[in-house]
Each structure stands twice: as C-alpha cells, then as structure tokens.
Amino acid sequence: MAGLKLKNIMGKIAGFFTAASRSGLLWPVIFFGLILLVNALINPGFFDIEIKDGRLSGSLIDIMNRSSYIILLAIGMTFVVATAGIDISVGAVVAISAAVSAYLIGGTLVVENGVQQYVSFMPMPVAIIAALLIATALGMWNGLLISRMGLQPIIATLILMVAGRGIAQLITSGQIITIYYKPFFFIGGGYLFGIPFSIYIVAAVLAVVMFLKKRTALGLFIQSVGINKTATRFAGINSSNIILWVYAFSGFCAGIVGLLVCSNNKSADGNNAGYNMELDAILAVVLGGTSLAGGKFYIMGSVIGGLIIQSLTTTIFSIKEIKPEANLVVKAVIVFVVCLIQSESFRKKVAGVIFLREKKSL
Amino acid sequence: MNIKNIPILSCITGGKGGNSSGSMFNFKYLLLAATIALFIIMFGIGSVSFRGFFSLKVFFDLFIDNPFLFIAAIGMTFVIITGGIDLSVGSVAALTTMITGTLVEIHGISPAVVLPFVLLVGSLIGFLIGIMVHFFKIQPFIATLGGMFLARGIALMINTDSITLNNSFFKAVSNYHIPVIGNAFITINVVIILIVVIAAIILAHYTNFGRTVYAIGGNEQSAILMGLPVGRTKILVYTISGFCSALAGVTMMFYMPSGNPLHGVGMEMDVIAAVVIGGTMLTGGSGYMLGTVFGVLILGTIATLINFQGGSVNPWWIRIINAALILVFCLLQILFEKKGRKIAKS
Amino acid sequence: MADLKPIVEMKGVKKSFPGVQALSGVDFRLFEGEIHAIMGQNGAGKSTLIKILTGVYKADGGSIVYCGTQCRFRTPLEAQKKGISTVYQEVNLCPNLSVAENIFIGREPRRFGMIDWNKINSESEKLLKRLNVSIDVTKLLSSYSVAIQQMVAIARVLCISSRVLILDEPTSSLDEQEVNELFEVLNKLKSEGMAILFVTHFLDQVYRITDRITVFRNGTFVGEYLTKDLPRVELIFKMVGKDISAMSAMPQKCLENVSDNKEIDSLLEIKGMKKHGSMNEFSLDVQKGEVLGFAGLLGSGRTETARLIFGIDKPDQGECLVKNELKNISSPSDAIELGLAFCPEDRKTEGIIDELSVRENIILALQGSLGIMKYLPRKKQDKIADEYIKALGIKTADAECEVRTLSGGNQQKVLLARWLATKPSLLILDEPTRGIDVGAKFEIQEFVMSHCKEGMSIIFISSELEEVIRVSSRVAVFRDRQKISELSGNDLKEEKIMHTIAGGQ
C-alpha cells in the first residue's frame, strides 16, 4: 500500500520533471528552490508571513516586491530576445520615464499652516500617461531603427542607452527632483489588501502577456521571426512590424518600472535610476532559459529568473558573515554556473570526463 | 555576407574581365576615411571657434587625458572583429587599480612585481572568458557580463573606498613629461598608447593570428573548415582584451595615482562607442585599429569642445552627441554595405 | 588500375548519431588520377563518409588507410596538412577577406616574421591563372560570383599541394558555362595525378566526368563500378533499391486537360513589369488550372520574376491583374491575400523555420493571413497538420517534431503543406526538387500534376529542363534577366528550349 503510494508520488514527480524540462522551466525552478532552501536553513523564519498593520510582511513578500522591477523589464525583454534581439536601453528608459513623471508632478513642497498640501504641477494621470507614452515611443524608436533602418539591435539600443541618461539629465536639469505629492507614492510604495501594489502591477502585465502568448498567434509569430526572419516574411507575416512592437512593448515595460522607481524613491535621479537594470533584466531572461539567439521563449522562466536574482541579493544582505559587496561576485558565479549548466557542450564535456574516469577505473 | 544574393552571370563578366579600374578605389577604406575626416572637421571647428584650441597641446591632451580609452578600445576592436563583445573592460581596469593599490600601499610590495602581476590577472580573466565563449558556447555578451560582475565585485570586496598611491614610482611616472616641440609634452601613457597601437596594427595585419581574427568575423564556420585555429584565436582575443583592460587600469594609475573600485564605471560603453565610430562593424569581420584610434580621438574632441564652451553648455550633451555620432556612423555603415553590394552586382 | 594501390582506402567504416545509424560498415577506395563519384539518395551516408575522411567527424569503427599508412584525422586541419582538401557546396571561404588571402590564410608566406603580402598576391594570381581565371586578387571575395569563389576554393587546395580533392555538390549553383569551365579544370588536375572525389545529384555530370562510381544506400555499401560499365538506369536502380519500372511510370502532364477546357480564365496577368538591376520589362499570364514552366539558367531572371510577382521585391513599373482586376501587390502578405503562394528556392534560409515544429510550420502562412488575434485553436491546428502529413506522406515521428530533424525532401513537403493550407489559386514553386532524392522528386512532380487537375495554377521553376517540360503546358524562357520567349505545344522540346536559351532561334 505504502509502496504503491510512493510509486504514485515518484511518478508524479517524474511527470513534473519531464513537463518542466520540456517547458524549459526545470533549471530555473531548481535554482530558485535551492536558494529558498539555503535561506530557510540559515533563517528558520524565512517562510513566515505575518500581518503587520494590515500588511503582509515577510521575506517572501519582500523578495516579490523588490523583484518587481527586474520582472517587469524581463517580461518585455523576453519578447525582444525571442526575436533574436536585445534591448540594452531599458535602464536609460527607466531613468527617462522617472524624470518625466517627476518633472510633470513637480518638485515643490507646499506647506500651509504647517500642513503639507498635495500639489502637483500636472494632474497625476497626465504625468503617468505621459511617462508611459514617452517610454513606449522610445521603444518604438529602437524598433524603427532595427526593423526599418536595419541596425543591429545591440547598436540601436546602445545609442539610446548612451543618449538616454543625457536626456534624463536634461529633463531634470541635472538635479535630483524630489517629489512631495503623496498620492503618487502609492504606485511604488503602497499596499492594496495588504499586498504591495507593485505586485498587482506585475501580475496584471503578466496576465496580459500570458493571455497574448496562449490565446493569440503572437507567440508563434515572435518565435518564427526570431528563428528565421526572411522565411517568416515570405510566409506573409510582417516581420518588421512584429519587431517594432516588441521593442515598443519593452519600452512600455521600462516606462512602468520608471514610475515604480520614481514613486518608491520619491525622487528622480537621472544618473542612478535604473542603473544597470538592463543587465539584470537580460540576465533574468537568460536564467529563465530563453536563448539570446532567439526563438523559443519562456515568460515564466524570465519571471523566475528575476526572482532568482532578487532572492540572491536578499540572501546576501541577510547573511551577516558576507559583506554586501560580495553581491556582485555571487551574481557572477551564478551567471557562470547557470550558463554552464544550460550549455549543452559543457554538459557533454562533463559527461565525457566522468565517463572517461569510469573507463579508466575499470 | 550572403554570397548567394549576388547574381552570377553579371559577376562573371565583370569579374573575369581582368583588373577593372574600380579596384583602385577600395570601398573598404571608405569608413576609415569618413572617421578621419570627421575628426579633422571637428578639430577644425574647434580651432575656428576657440582661441588656443589649434595647438599641439590640445591635440596631445586628447591622448594624455584618455589613455585608458585608447588601450581598452584596441583590445575591444579585436574582440568585435571576431563578432564578439567585451563588457568587462571597465571593471577589469578598476580591479587592476585596486589590486595594485592594496599590494603596493598596504603590503608594501614593489610596483616592479605588482604591475606584471596585475597584467597577468587581467589576461587570466580574459582567458577564462574566452574559454567559456569558445568551449562552452556561452554568448560573449553574457560571459563578459559575468566577468564584469566578477571583477567589479572583487574590486569592491578588496575595499569599498579608494586607495591613494603614495609610492614614489607612481608619483614619478605621473609627473614625468617628455618634451616634444615648444612647450608641448607627452607622458609615459602616450608612449604606452603608441606601442600598443603599433603592436596591434602589426598583430592585426601582418600575423596569422590577426588574419584569423578577421576570418572568424567573416564566417566562423568557414574558418574552421579552412583549418584555421579558431578556438585558440578566440580565446586569445579575449585574453588580449583582458590584458588591454588591465593595462588601461595601469594607465589610469599613471594618470591619477589612486586605486578606486568605481573606476571605469560605464567605460565599456564609451569604448564600444569609440570602436563603432572608428568604423568597425559590430557584426564582425571588418575594422581597423587606426579607425579605433580616431574613434577615441573624436570622443575626446567632443569632450574638449564642450569644455571650451565653458559653463554655457550642459555637459550632458556629450552623451547625446556621442549617441548621435554612433547613429550616424552605423547608418553610414549600412549605406556603404548596400552600395558595396550594388557595386558587386553591376 | 587493379594492380595500383589506392591512395585512400576505407574499410568497414561505422558511424552512428543519436537515433540513426548513418554508416554501417561501408568500404570506399580512391585512386590517384581518377575522378570518383559517390552516389546515393539523401541520407545514404555520402556526406557522413566525407566528413569522417576529412576529420570533421570521428568514426565509431573501421579503418582508414591513406598513402599506405593507417590514420585517423582528428580535425579538418590535420587532414588538410596531410593533403586531403574539400570544396563544399556553400563555398566555405571568408567573404570579408581578399581573394588572395582566402587562398593563403593559415599558411601565409612570411618575411622577417611578418606576412609577405606582395608574395601572397603574386602567387595567388599565378595559381588562379592555372585555373584560367584572371581577376584582381586584392578585391574582397564577396565581390565575385559563386563560380569564381569556387575556383578560389580550388586554388586554395592547389596551393596546399593536395593529393586528394573532395568536391561536395560543387555544381549545384553554377550555370552550364561555369560547369564546363569547372570540368576543364578538374580534368587538368586529374591528368596531373590528383585523386578527385565528386559528389553530386546531377546524373548527367556524373557520366560526363567520372571514371568510377561507388553507390551507398541507407548507410550501407552497395557496390563500386566503373562508370562506363554502369548504365544510368541501373545506377538509379542501385541507388533507390527498388524496381525501376515503378519509377518509369512517370507522371504525365495534364496538358490535355487545358486544351479540352475551352473557356480559359486568366488568373494572373502581368503587364510591362520591370525592376532596375534585377529584371528587364516582361509580361506574362497564367491561366486557371495550368502549369507554366520557367526555364533558363541560374541568374537568368526566373527567380527574380517570381519574387516580383509575389511582392518580395518592389517593381519600378508594371501592372498586375488578378482575375482581370488590377491589384497592387507590395508585400508577400498582399500576394497571399490574393491567393498566391511561393515556395522559395533556398529552402533553409527562406522557407522553413527550422526550430519550430512541423505543425507550426504548416499552419504558419494560414495563421499569417488570419492575423495575430484570430488564433487557430490547437485542435484545428493538429487537424490541419495531420491531414497534410498524411496527404503528402511527410515522414516524421509526429507533428510536434522540429522541422530541422526532417530530411530535405520532407522539409520541402512541409513547405508545400504550408502553402496548400492557405488554399491558393496560384502556387509558385522555385526549384522544388533541388537537392532532394529521386523518390521525393517524383512525388513532388506528381503532386504538381494532380493539383493543377483540381484547378490550381502553378508556376514551376527548375534548372532541369526535362522536368520543366514534363510538368508544364507552357514554358517561359529566360535569359540575361529577360523573358525572351514562350513555348508551348510541339515546341516543348529540350533542344528547342536549349536553342532559345543559347540565343539561336
């Protein structure tokens, strides 16, 4: 009886593994699991979630909340990477989006009778929409350079990456704009039903994207473009437009992150907002199993990739024996380990070495 | 790249007709010419607009103030010609300064031992990246991104603060001026740049290694089938870039005697920009070391021009102008490529 | 020749890939001063054998004796150094280097430790002269035609002073004239004592140039024959492994069909179309249910015309009427909307999406015409895919296999299925039978016939005149980017078309 049960469970586990490896999620999930396990061992209270002042709090919630930037950028980046492209301008777009929203909301502190008044230069919806529109337009600029002018993705987005922070600085006149308009803080720092609002935003974007992937031909077309652009065009699909919109979407995602960053920091810093975020986003996509060569892509993989990066950072900061400076080194090690494990030639070589040893020992 | 696109009949007639007059004008030098012309124009604009701009001093300062860019860009050019990219240059340079600072200032080891050692460390990082790119087929972007994190992380772990180099050697080198003509002078760094550039040109154009670099960028599969040492060359290219990055770090210390874990943040993008403006194709297979030199000179001239403007121009325009230049040069590359294909057709 | 020792002798060579036994113990001999052909259908193991001989693959078993000594090359470089060189179908040189450099790279002459460019250039010119080619060797390789590039590849081989030259499908992208020149060179090399191994799909060329033939079938050795002792029919029989009588029942064209049909509907009419640098002014029309053949050499404008019709290239001028209505086709999607379909010549780069499944490849064009939002339900996709896999006899484990795992012929059938799924009224087939084996060739020809009987029009482009004549009711002849003639009825003879192409009316 017990044996049968065990067999059943084993079968289920095996089934999960085959399903996971087919969907490309196997390695990312294992890695994420390992990191959580390590955390649980070090910090017994790691999985605890408690309610404080009507808000859920705990390490897991914290990781999810903090990883929202990377995940949002990684979702946009996944589509870009699937078309055999790359977008290294997202960090700069985050800075611009933050600068635009901060500029439109305004950095004036108005105090009347000792009470702070919430004054904004432009109505908040205008600021939000403007920031998102500009970010999307910047994404389209990338898309146009790539699909219409034939620039390589890395170069086209490099241009915006280099120029972007300059533009952000011009918008903020080289200053860090501090905002005092409280309603705006809700986007990046507020809670709804006890859960950070940014998690809702991630969930909403993810839901839309998953719907598009499952229920429309977008996924098929994007993969097809990523694998063979010419053949896709010959099959009557407008490759150029798909590329254009994929970059626009990546810009849009960066725009949302810009709002979150600006709202959470209560300020816009053209220099540091979104700094190196493009690298984290690309890393998340690669960790999630999508190849930079384009083709098959895994949205959920990228989400888990984002969670891996954030949980790693959280872990390092929580272990007192490790200096926070070590974060980058650990990240580098993870990059190498995950890439090596995903690299077919590495696996073959390792298998070869083990096989050789066995032969020798015989 | 796509040989098949070239219609055959027309080419045969064009091709077999012996040396056509068109061959005198080799279109592959066009981009290089454009880069040099742009530099001359920009320097000319400066000379006309500002008193004291047109001088050997200003020209030499372009070298004196950016030695790390020149050297890292030369290493990067090799990598990009193979069709790769190296994001680790800035952080490897920073790591070099930190290791040197610690060993020389805290442990009191002589620079004569430390400098060769740090150059070796830089080369080793490049070598490991090369191994990952070649043997394990990890995309250069990701492998060097890992290298970038690793080097910067180690630099930060050594010390989060900067270390001032009080050792007399660095003081002496950074203050040493070699007079040229009049009151113009050059520094040791400029001599290092010259040596590196000449060595790179010889390496690229007069050795088997250099030609294999170009062949890999042209068609890696072909290069393998032609029996060229592709693996060795690819690993060596990243090793050279690592070495150049470390050397760039050394020139940083000769320029300003201190070690800082945050040296060269974002430098990789300036370096890539210089290489692209210098006419090297990011797709690999074509580019010139001399072009890269002028690429860096152009970036330096833009900064100098903005400096001469004084406070009236926001320094953030430098980045925007750099970006615009990259855009213009990439569009030129595409245009020339199309023209080239048309020439091949008719 | 029997008492001579072969320069290469391979015995019992075995090689398996995951799931496939590519070679199961084959023998092969090559003598100096001969041209030897390896024949076999796709998947027979020809290229695997070559790759083992040249050190690209490692054999699982068997022996290789080269120049009297047992050896096994680990890399192409090692094989090359010992004197075995290969010229591939897709010229494997570097387009971004000069002609001279392509010849010498890897063993450049040095002077004071540095590459001696003057010597490289002058030596290259000399080497190419030996091959009757005189070009500017300092120009980039990419500025020359494929034929010249192939000569450069051979010059590279000569420069290594090879003893064995392997040519893998060297003629598939050359025209008649270029083939003649190549053969002249090969004969010259043969008389100099070089051993030449020649792999091709063209039977004509095998009989024109080779001395000896080795036949493989499904990874096994069938036999070695002197070319003059082996009649063509027997060769095909040995390659295919089944009775030739089944093959000789070749599909017959449906010409009668068209002539019976008095009311001729014009499906497509092109008037005065031209594009500078690619195609001179031409007009043509396609009737409902007919097969219009395009004949002409490679580069004569056949493919260019198809691309203009399908909206891939934009014409400078010209009108296009579909079912007697003036239409503007400015992109493939416009063309598909009007019921056109186009199977391009270059299957790999313009046809299949190799990492997608058979199912996804089949529904791609149909889904493209439906747009992003109207996604075909998965069940419907499966149904369509299964239907065409069955109808066309696509050999695949299931519809979810990646298309790249299929053989060339089956990939071509997947492409046909992709277009049939859009229910086109005009299907343009550009070299649909190139590089695929005899069996699949006949199946595709048969398919063309049966569909035009059902009322579909087809434009059939092929380098093999005999094939064009067999399937078409009318043939448009192209030369030098110009449509020079249209032949039908009794004029549809190979000699007549040849004459037209050659220019003598």
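For reference, chains read A, B and C in written order, and residue numbers begin at 1 within each chain.
Everything that follows uses one rule, which is that contacts are C-beta pairs under 8 Å (C-beta built on N, C-alpha and C of every residue); 3 or more make two chains touch, one makes a residue touch a chain.
Every value quoted in this text rests on a predicted model; they were computed, and no experiment measured them.
Undergrad: Give the label of the chain whose average Cα location is farthest from that of subunit B.
TA: C
Undergrad: Per the definition at the top, count C-beta pairs in contact and tell me whether B-C or A-C has more.
TA: Greater number of contacting C-beta pairs: B-C.
Undergrad: What is the distance in Å between the mean C-alpha positions of subunit A and subunit B?
TA: Spacing between the chain centres: roughly 31 Å.
Undergrad: How many Å are there between the centre of subunit A and the centre of subunit C, using C-alpha atoms for each centre?
TA: 45
Undergrad: Considering subunit C alone, which of its residues make contact with at least two other chains?
TA: 349
Undergrad: Hey, which residues of subunit A end up touching subunit C in the complex?
TA: These residues of subunit A touch subunit C: 215-218, 220-221, 223-224, 227-228, 230-238, 295-296.
Undergrad: Mind pulling up the subunit C residues that touch subunit B in the complex?
TA: 56, 75-77, 80-81, 86, 88, 90-97, 101, 105-106, 108, 114-115, 133-136, 138-140, 142-149, 156, 173-175, 177-178, 277-278, 297-300, 346, 349, 480
Undergrad: In the complex formed with subunit A, which residues of subunit B make contact?
TA: Of all residues in subunit B, those touching subunit A are 85, 132, 135-139, 141-143, 145-150, 152-154, 156-157, 160, 269, 272-273, 276, 282-283, 314, 316-320, 322-324, 326-327, 330-331, 334.
Undergrad: Which residues of subunit B touch subunit C in their complex?
TA: 1-4, 6-12, 15-16, 18-20, 23, 26, 28, 202, 205-208, 211-212, 214-215, 217-219, 221-229, 285-286, 340, 342-346
Undergrad: Over in the complex, which subunit C residues touch subunit A? Could you list them?
TA: 310, 312, 331-333, 335-337, 342, 344, 349-356, 360, 364-365, 367-376, 418
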